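The structure appears below as structure tokens.
Read from first to last, the chains carry the letters A, B, C and D; within each, the first residue is number 1.
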Amino acid sequence: MMLSVWLPVLALMTSLLAAVVIFALPEQGYRLRTAVNLGAALVKLGLVVVMVWGVFRGVDYGVSFTMAPGVAFVLKADALSMMFAGLSAVLWLLTTVYAVGYLEDSPNRSRFFGFFSLCVASTMGIALAGNLFTFFLFYEMLTLSTYPLVVHRGTEQALKAGRTYLIYTLTGGAVLLLAIAWLQGVAGDLPFREGGHFTENDPALHTSLIGIFVLLVAGLGVKAAVFPLHGWLPQAMVAPAPVSALLHAVAVVKAGAFGIVRVVYNIYGVEASSVLGVLEPLAWLAAFTILYGSVRALWQVDLKRLLAFSTVSQVSYIILGICLFGPVGAAGGLVHLLHQGIMKITLFFCAGNYAETLGIHRLDEMDGAGRRMPATSFAFTVGAFGMIGAPPLAGFITKWTMGTGALDAGMDWVIAVLVLSSLLNAAYFLPILHRLWFRDPPRQWPHERRWGRLETSAWLYWPTLVTAVVTILAGVLASLPFSPLSWAELIVLREYSP
Amino acid sequence: MMAGWVRTLITTLLCLTLSGALAASIWAIAGNPTPVDLPRLLSENMDRSGVAHPVTAVLLNFRSYDTLLEIGVLVIAGIAGISMAKTASLEDPELRTSDTLLYALQRWFVPLMLVLAGYLLWAGAERPGGAFQAGAVVAATGVLMRLGGIPMDFLRPGLLLRLGLGLGFSVFLVVAVASAIGGEAFLAYPPGLTKALIVVIESVLTLSIAMVLLALFVSAPVNDAEDPEEGGPA
Amino acid sequence: MTASLLYALAGAVLFGMGLYGLLRLPHLLRKLLAFNIMGSGVFLVMVGLPQHRGGADPIPQALVLTGIVVAIAATALAVVLMRRYYHLSGMTTLEEPSPEQRPGGRR
Amino acid sequence: MTLWLMAGLLFTPLAWAVLTLLTDFRWGRWVTSFGILVQVLVSLGLWLTIARDGGFYYGLGGWDAPLGIELRVDGLAVTFVLLTAVVASACGWHAGVYIDPDKAWHRYFWPLFWFLWSGLNAVWLGGDLFNLYVGLELISLSAVGLVALGGKAAALRASLRYLLAALLGSLAYLLGVALLYGQFGSLSIAGVATLLADNPAPAGSGLALALMVTGLSLKTALFPLHQWLPPAHGIAKSPVSALLSALVVKASFYIAARLWLEFGATIGSFAAAQLVGLLGSAAVVWGSWLAFRQQQLKQVVAYSSVAQIGYLFLLFPLTYSVSEAVSLQAQQGITLQVISHGLAKAAMFLAAGNLILSVGSGRIEALAGVSRFLPFSLFSFGLAGVSLMSLPPTGGFTAKWLLLQASLGSGQWWWVAVLLAGGLLSAAYVFRIYRASFLERPETDRFYHPPRSLEVIPLILALLSLGLGLASEQVLSVMALPFEEAGAP
């Protein structure tokens, strides 16, 4: 069927074309650009919804052609792709709305939105990639398209952050390329397959497979900000808020985590990975990163930097989850891919709202902001409690499922990590909430702007509220079909019984 | 930076080694017979070539593409030369000599040299000689005349000079393509016409070669206005 | 040992001498002369080596003729360039007058 | 039909050269436009013919090798013919707008341009050792003439240095030819290769190959013989720089590669192959480092050529005594590298020319704030940079991928480090330029805006180098077509 071939291509093309059109538009074409942006985001969301439904019913979406001798360009939609694609489609729409408001009268908007669309196209490509080669292709495209966003402000500090970002990600990319090329040499061009490729467990390959695994994780770990490869992330905070939101919630860090999931599930296979003995060290590394990120967050005074370290910590939940050998824990890790995205984007939107409306950047400036901006502060509270893992929010679902899974797998120490991490989360989020709601506001905000009836611009206001509500819904309605949790369970089901 | 004498020493050693290795190779190669006997192949095909002298046959028939490109190289040098010529240079009175001895000598030598050139050209068919030698002699004549102060207006960078530069090359080229239209491959002269065509080519080549060499000689140093460098002050 | 082989060996020597001159002599005209000496060396090898065995071989002779024309064209071009270069800069070597072209140099 | 295509490739550029010699710049532009059209059609036609029927040998003048000059028309040759047609058309078109027609000496641009083109075609198709020498000289002299055209002292110094290097390289090559002729009595590459197969590694031929490869490496600017390249490529006018970097250095490399692939297996040695590879690697590292250090935009691009050329020489170790499959991978990788570097570097030089035209200075700092006003040229520059960094999905990436495979497959894993480090180093110098352009300055439009056609040309080239990555399979399939041995037309 033609549609099954063209749907993934179309999903990719909508944002790619949007990027080209936006680049070509003149800087002053504000309305047209916004229309193109939102139109493309909506079309893409529609396409993804259709594909999600199709994948659920078991339709195979895919297209492939030989790109160079021995390797193919493959686009394929499976349950895992759709999870990531869905996340990026939904959050792209919201972030676009947000960014339109955020950058209302700043220069270089054509450039910004062009690269923004390219970035989403790359994320889509990563989600839909059908083999490591294709994955790598979009993975590097993502690096390139995010660089202009990071340095968007054009200040010395932004350029410095951009340089750090590049050094980390390009080196990571080179390591990843080496790993992929080596794997190709050992085993040929491997498509992503549920259950993985190395089930036969040939002992002759053990050493090289372990080596390749280490390189793969090192290459992907840079973007996933796994300790000690996380250094770029807090620095990249100089970027505009929507960029931070996109980098942290959806595109960059998730691309790394998603890649690790792909490697473990669809290249090696969970069983083969655990036979090789690579999962346990990875789990320890992830656990350490979780705690390390939280501890570092305790000492931050800048709101966005605090959120960045929180991201370092949270993304490793996903990695920890898939290293738990068992379906329940895996579902916990995977669902966090979505949950962390929604919660973290809420928090970044809030940080952006505070910065744009009141000029607040540091924690000690946030006293009493809840009275001036109740809706934003409500959203922030929801996000923070979600991160801590308070029921019935999305974060709770993650931690609960992962904890159950850890017990199932007999890895009891994970419970300790989860509890400790929740305590640490509480230790850095609760003081902020206290400041927001229970301290007196200062006589004058650092840099206040007013937008009529709402507490902030409508473009900033509604996306923030929507993500906050979704955070609540994802927790409350977790048992319904098509909720993040059910979808993660569907993926795990297909992985563990291919 | 290395001290000068160290570099000299290294270079000397390098050149000596190279010469030695080269001599050894030549010695080694000279000991073996060649597997292909090209001269024999050549003499077997001589009667199809249209000229009696094997070198001319190689130059203008068997390997005529080489010769075509070679003339191209010469034309390039001419073009690059005149691109630097100062337009007014011929009118520059300083460059004129009015040496009576030279003038007298010229009256004897110029016709003689032209005759010699003609002979060289004609002889190319049977014995060593040909367009290049003839062209060189004509050019030398031109140099003599120029030194003698005879104004040669056609050497000013203008259409005439450029026509002269390109003439030999174009005729060669036209013959190459025309021979293909005639049905055979490029530069495959139609049987019977070979000799005539080669003579025509040789004659125009002589003219062009002489023009190129002379133009290169005459190209006085400079046109004074230069192009600004890219990005430099305009 | 024949006379032709001697030519070829002399060619080897000339090539080395020319190379030395081209590399080490600073003056441009000397460099150019060195190039021509090298060229003569190559032509000697080209003609001498095949003729050592089978007597006159017209093919290398023709090749050398072509080679000579090319060398003359190159030499002529080089001389024109040198004259113009001398006219513009007053220099006869390739040394750079100021650090403007060096990597990292300032203008 | 083939006859006409061959005529179109070899002889019509010479005809355009003569015609444009007679006209002035403006008329020359018209002649050139027509000539470009013809050349592109003819190149495409020959490419299609070869893609359909396979390669053949063509004896010029009806004389076959070894007596006559033989042309080798195969997939690889026509691929490069087509590349030349694309890049040279772009440069010609760009030059027609870019170069000031009112300067009297610019009329000589077109004849030199056409001579250069015909020399390139002669080299791609050449199968005769001596004819290749003449072709090379045709290229070198016209390139030197183009660099020197209307230049000041610095340009003349650069072109003199270039000329001397090129002449030295040609002489070394010619000496090798003389030795080979003395040994085998034949000038046909294919003929010598056949003789070598019967009579492996006769005494004295090692030096011949070494001389030829060294001379050609000098002309290709392989480290440490690269010093002539950056001044010449940096100071020439941008369309000329583009031609030189994209095509001219490739011509001598192409001959070296052909010689190595035909003779290397019998007269080459492992140590020699490794040495060449090592020099190539040093070129990658050193060239990138110097590119990073430059203050002038075009010098960055020129030194980047030194680095990118380094990759090409990995062909030598990766095809010596390795399996057929690995050797093929290496050859395909190098071919792609040649093509993608050709397209990307031409795009880069043309875009750099536009940028310089627009900011009025060749310095990198002058680019601050230009990203707001000149997005097209900057974008083309950036896209081309992506290809140089060998990031996907460009042709440069596919090339690197194949080379990685070949290095791992041949067990010569040490080249992997070079390939990966080279990518990162090139990212360093490319991003240095982006960085400069992203810096914000007060919002004043102090830039000259060049005509749109100048901006479109590099963009097309950059997009082609991007598209090459996606279509490399198709391109390579023509290159690797089986060769039809007895196929005279």
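Definition applied: contacts are C-beta pairs under 8 Å (C-beta built on N, C-alpha and C of every residue); 3 or more make two chains touch, one makes a residue touch a chain.
Not measured: the values here are computed from a predicted model.
Asks: Name the most central chain, where centre means the mean of Cα atoms.
Replies: D
Asks: By mean C-alpha position, what chain is farthest away from chain D?
Replies: A
Asks: Distance from the CA centroid of chain A to that of chain B, rounded to the nearest Å?
Replies: Here the centre of chain B sits 71 Å away from the centre of chain A.
Asks: How many Å are there between the centre of chain A and the centre of chain D, using C-alpha atoms for each centre?
Replies: Roughly 43 Å separates the two chain centres.
Asks: Quick one: chain B and chain C, Cα centre-to-centre, how many Å?
Replies: Centres of chain B and chain C (C-alpha means) sit 17 Å apart.
Asks: Based only on mean CA positions, could you tell me how far chain B sits from chain D in angstrom?
Replies: 28
Asks: When you check chain A against every other chain, which residues touch at least two of them?
Replies: Nothing qualifies.
Asks: Counting only residues that touch at least two other chains, what does the list for chain D look like?
Replies: 130, 134, 137, 141, 144-145, 148, 152, 154, 175, 179, 182, 185, 363
Asks: Out of chain B, which residues touch more than one other chain, so two or more?
Replies: 22, 26, 29-30, 34, 37-38, 42, 63, 66, 70, 73, 76-77, 80, 84, 226
Asks: Report the complete set of touching chain pairs.
Replies: A-D, B-C, B-D, C-D
Asks: Which of the residues in chain D come into contact with chain A in the complex?
Replies: Chain D reaches chain A through residues 329, 332, 336, 371-372, 375, 379, 386, 389, 391-393, 397-398, 400-402, 404-405, 408-409, 416, 420-421, 423-424, 427, 431, 434-435, 438-440, 443, 469-470, 472-473, 476.
Asks: Can you tell me which positions in chain C touch chain B when the two form their complex?
Replies: 5, 8-9, 11-13, 15-17, 19-20, 23-24, 45, 49-50, 52-59, 61-63, 65-66, 68-70, 72-74, 76-77, 79-81, 83-84, 86-88
Asks: Sort out for me which residues of chain A touch chain D in the complex.
Replies: Where chain A meets chain D, its residues are 23, 27, 65-71, 73, 107-108, 110-111, 133, 136-138, 140-141, 143-144, 147-148, 151, 153-155, 159, 162-163, 166, 170-171, 173-175, 177-178, 181-182, 184-185.
Asks: For the complex, give me every residue of chain B touching chain C.
Replies: Result: residues 7-8, 11-12, 14-16, 18-19, 22-23, 26-27, 29-30, 33-34, 37-39, 42, 54-55, 57-59, 63, 66-67, 70-71, 73-74, 76-77, 80-81, 84, 132, 212-213, 216, 219, 221-222, 226 of chain B touch chain C.
Asks: Which residues, counting only chain D, touch chain B once they are in their complex?
Replies: 3, 6-7, 10-11, 14-15, 17-18, 21-22, 59-63, 66-69, 100, 103-105, 108, 111-112, 115, 118-119, 122, 130-131, 134-135, 137-138, 141-142, 144-145, 148-152, 154-155, 175, 179, 182-186, 191, 195, 198-199, 202-205, 207-208, 235, 237-238, 298, 353, 356-357, 359-363
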